[in-house]
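Same chain, two partners: chain A is paired with chain B first, then with chain C.
The block that comes next holds the complex of A and B.
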């Protein structure tokens, strides 16, 4: 079998200020993610999603077990430069991720850190700005941007490093619905381009179509499979504190009232199912 | 506070020679100007310097209203300086108004110090009027580069200035939000006596500090994730290059400074 791009082997993590007796933030995590996968990562608050995300590029180091990125252990500090170039990370609040005083300077920050030649930095800034529709804002100061534009600037700054894996920790939670959707579409585009995506969210709609869903509860992985197997499972939902997406609840509600509707996870799917049901 | 109108720094966009001169030249020129300003005695020297400054302002096409905006915050200081000198010195009496006596030497000294202070503020303002903050921090970083040899983290200092500039508007918006949140809960943040207002500041300052630390924490994570590993080996993307314009500008500045030194000190 080939080396997975991300491999967690019996990983545990305890925050340094926590006493031995207290709960581990993470324990017994086994996770293999192959290059090119799209993994939705969900879980209630405090379930350990963000801690897990921070282990993936060596921002945190496991206190038990081992995290390997492309075969390299994060525990070895000599690997960290390489690992951070491989795994890009987007956080929740764009305001605390923008470093520079203009959009293009911020996109350039990562490539500059790599010490790339100036013309190469310029080319990457150009490409990333165009890709995420912010080329007209290149000279703008960050505080003039909308939330969606800010988060796209952050994304452009991370993508300019050409990471093979992109970890997104609730990247849309501060955006309005339209910007959320647009941002999510950009992520899909990156995935189709071959980037491995690990997408953390509280919005079930955003991962309803994900090929793989990992659900965290109490610092462990409670489910790892396809969304269509997770959301109909009432016991699992209760155990993990999750709710199915709106379309799934609607479909279930309609079916309970005797309508001919098959289960669905997304609105288009539900519309198609309702339409098919009304034809028969 | 009108946040939507807020401008960081006082940059006045333009394409004049002054705007296109290398920012390093401008910083050095401003420093030299200030040094000479404190060496010059007598009004003749100041007059030459003032004329030079006026020429530069005209050259840069900075409108007087913009200059006024830059001066307003220090107006109080100028008036105090003048008034202080006016009443404190002895010598030949000019006027007596009740208990207040104005001496000739005081008037002259007050006028001189006020003019010097005015030129000082103006020279600094012209630097920030004609240079975008990004270039200013870039140039400062580059000028401090030799300090890296003395183990002073010059590049990191320049980045700190950039980040500070970047976060001023963010923090101002957050202050605005905190004030509104505290008002909504019945806090008094304006009006009232000094004591009431001082007490009103604490509920704003404490959350602001907490938020700043949170920003700093998250920014550090984001920077590390984006391969920040200190200033060494980074690309310098914006090339700063001296050109003929710099030579011309520097020569003119040197000539003005030499003339004012001659007028004001060595004659």
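The block that comes next holds the complex of A and C.
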């Protein structure tokens, strides 16, 4: 069997300022992600998603078990440069991720630190700025941008590094719906190009069609499978504090009123099922 | 309290090469006790509008009026009259315990101990937390959803006459979002505190707002009853906004059935609509 790009083996994590008696942030996590997968990662606030994300490139080191990236253990500091080139991260708050005094310098920061030649850095900055629609803002000072514009600056900076794995921690929460869709299309494009994607979100619509869904609850993995098996399962939803996407809620509402309709995760799917049902 | 903007324009870093126009000739009246939502795409000027409405930013031109008082750099709003919750207000938490954090503003207002205690307990209860169990904990040991509520309780403890909220549900999980919106609506109905909320999730604004304003490119481009704006898919699409999911569903149903399906604004209504289409199959 090939080496998975991400491998967590019985991983636990306790934040250092927490007393022994308090709950572990993570415990007993076993997770294998193969290169090229798209994994949606969801869970209620405080379930451990963001802690898990920080373990994936050695920002946090497990207090139990082992995290391996491309076969290299994050606990060995000699591996960290390599691991951080492999795994790119985008966090929730763009303000804490902007380092430079102009948008283009911020995007260039990562590629420059990889030691790439100037023309290559410029090409990557230009491409990333274009992809996120911020060419016009290249000379702007980041602290004058709106929240969503800052978020796109951060994303452009990480994508310019061309990491093999992209971990995205609620990347679209500051974006308007159109920018959210544009961003999701771009992530799908990166995924089809072979980048492994780990996508954390609170918007169930964003991962309703993901090939693989991992659901966290209370610091453990409560579900690992396809979304179509998770969202119709009332017990699992209650146990994890999750809400299904709108289409699934409406389908369940119809079922509760005695209208049998095939389960659906997206609105077009629901409309097709309802329309087919009304015609037979 | 009535809040008014009259012909407000805002230019950041005016007169420098970085000069950027954030708002252009915006006039707006927020009626006492109403729940108004301000929506718009990324960078449209929503947050600037909220900051000017609160009196923490001074517009380049135009007037800001709170009740009968004109607000300016020299004439700031009376302390505690306006509650402004920034994006991610939990970043403003700083005290050792939840109780001392929430009581910070009322203590600064010079209120006596009994009144401070009453306000802290009421505020924490209003955001759905239990003062007895949470009061002595460190705010930093709480989950982000709890931190958000504690931070909002700190704003409520001033008992402001208007509450201005900048994307109050960002980063919260779906259950916490739903609950927070419910609590805000309940608070408005019980106390009559005027509320202005900035956001771009139309499903959420549909549950919150009585009236809705759309800002795009620094200009006010639409204003009206929430039902009429939220069901106008063409208007919303023109400003990078999506209709609520239930309205989108009805558009898809219209296209699939060839009949004009009236837009639904709640999940209950959407289920009714679906049952009508499935008639005889239930």
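Just so we're on the same page, the second predicted complex is superposed on the first by the 269 of 280 C-alpha atoms of A that agree within 3 Å, B and C clash if a C-alpha of one lies under 4 Å from a C-alpha of the other, contacts with A are read in each partner's own complex, and residues count from 1 in each chain.
Rule of thumb we're sticking to: contacts are C-beta pairs under 8 Å (C-beta built on N, C-alpha and C of every residue); 3 or more make two chains touch, one makes a residue touch a chain.
This one's a predicted model, so the numbers in the text were calculated from it and none came from an experiment.
**Student:** Determine, under the contact definition given at the top, whether A:211 touches first (chain B), second (chain C), both, or neither.
**Tutor:** neither
**Student:** On the A-aligned overlay, A:275 touches which partner chain: chain B = first, chain C = second, or both, or neither?
**Tutor:** Once the two structures are laid over each other on A, A:275 reaches chain C alone.
**Student:** Touching A:141, do we find chain B (first), chain C (second), both, or neither?
**Tutor:** Both partners.
**Student:** Would you sort A:71 into first (chain B), second (chain C), both or neither based on which partner it touches?
**Tutor:** Neither partner.
**Student:** Which holds for A:93: it touches chain B only (first), chain C only (second), both, or neither?
**Tutor:** A:93 contacts both chain B and chain C.
**Student:** Where does A:105 make contact in the superposed view: on chain B (first), on chain C (second), on both, or on neither?
**Tutor:** So A:105 only meets chain B here.
**Student:** Which partner chains sit in contact with A:193 here, chain B, chain C, both or neither? Use first/second/both/neither.
**Tutor:** neither
**Student:** Please write out, lowest number first, the residues of chain A touched by both chain B and chain C across the two complexes.
**Tutor:** 93, 141
**Student:** For the complex, give me every residue of chain A touching chain B.
**Tutor:** Chain A reaches chain B through residues 54, 57, 59, 81, 84-85, 87-89, 91, 93, 95-102, 105, 108-118, 121-122, 141-143, 154, 157-158, 161.
**Student:** For chain A, which residues count as touching chain C in their complex?
**Tutor:** So the residues of chain A touching chain C come out as 18, 43-46, 92-93, 140-141, 144-149, 170, 173-179, 202, 204-205, 241-243, 246-247, 249-250, 253-254, 257-261, 267-268, 270-272, 274-275, 277-278.
**Student:** Could you please specify the touching residues of chain B with respect to chain A in the complex?
**Tutor:** It is residues 8, 133-134, 159, 162-163, 165-166, 169-170, 173, 214-215, 217-219, 221-229, 233-237, 239 of chain B that touch chain A.
**Student:** Under the definition above, what is the set of chain C residues touching chain A in their complex?
**Tutor:** 12-13, 18, 20, 40-44, 47, 87-88, 141, 143-146, 167, 170-178, 200, 202-203, 240-242, 245-246, 248-249, 252-253, 256-257, 267, 270-271, 274-275, 277-279, 281-282
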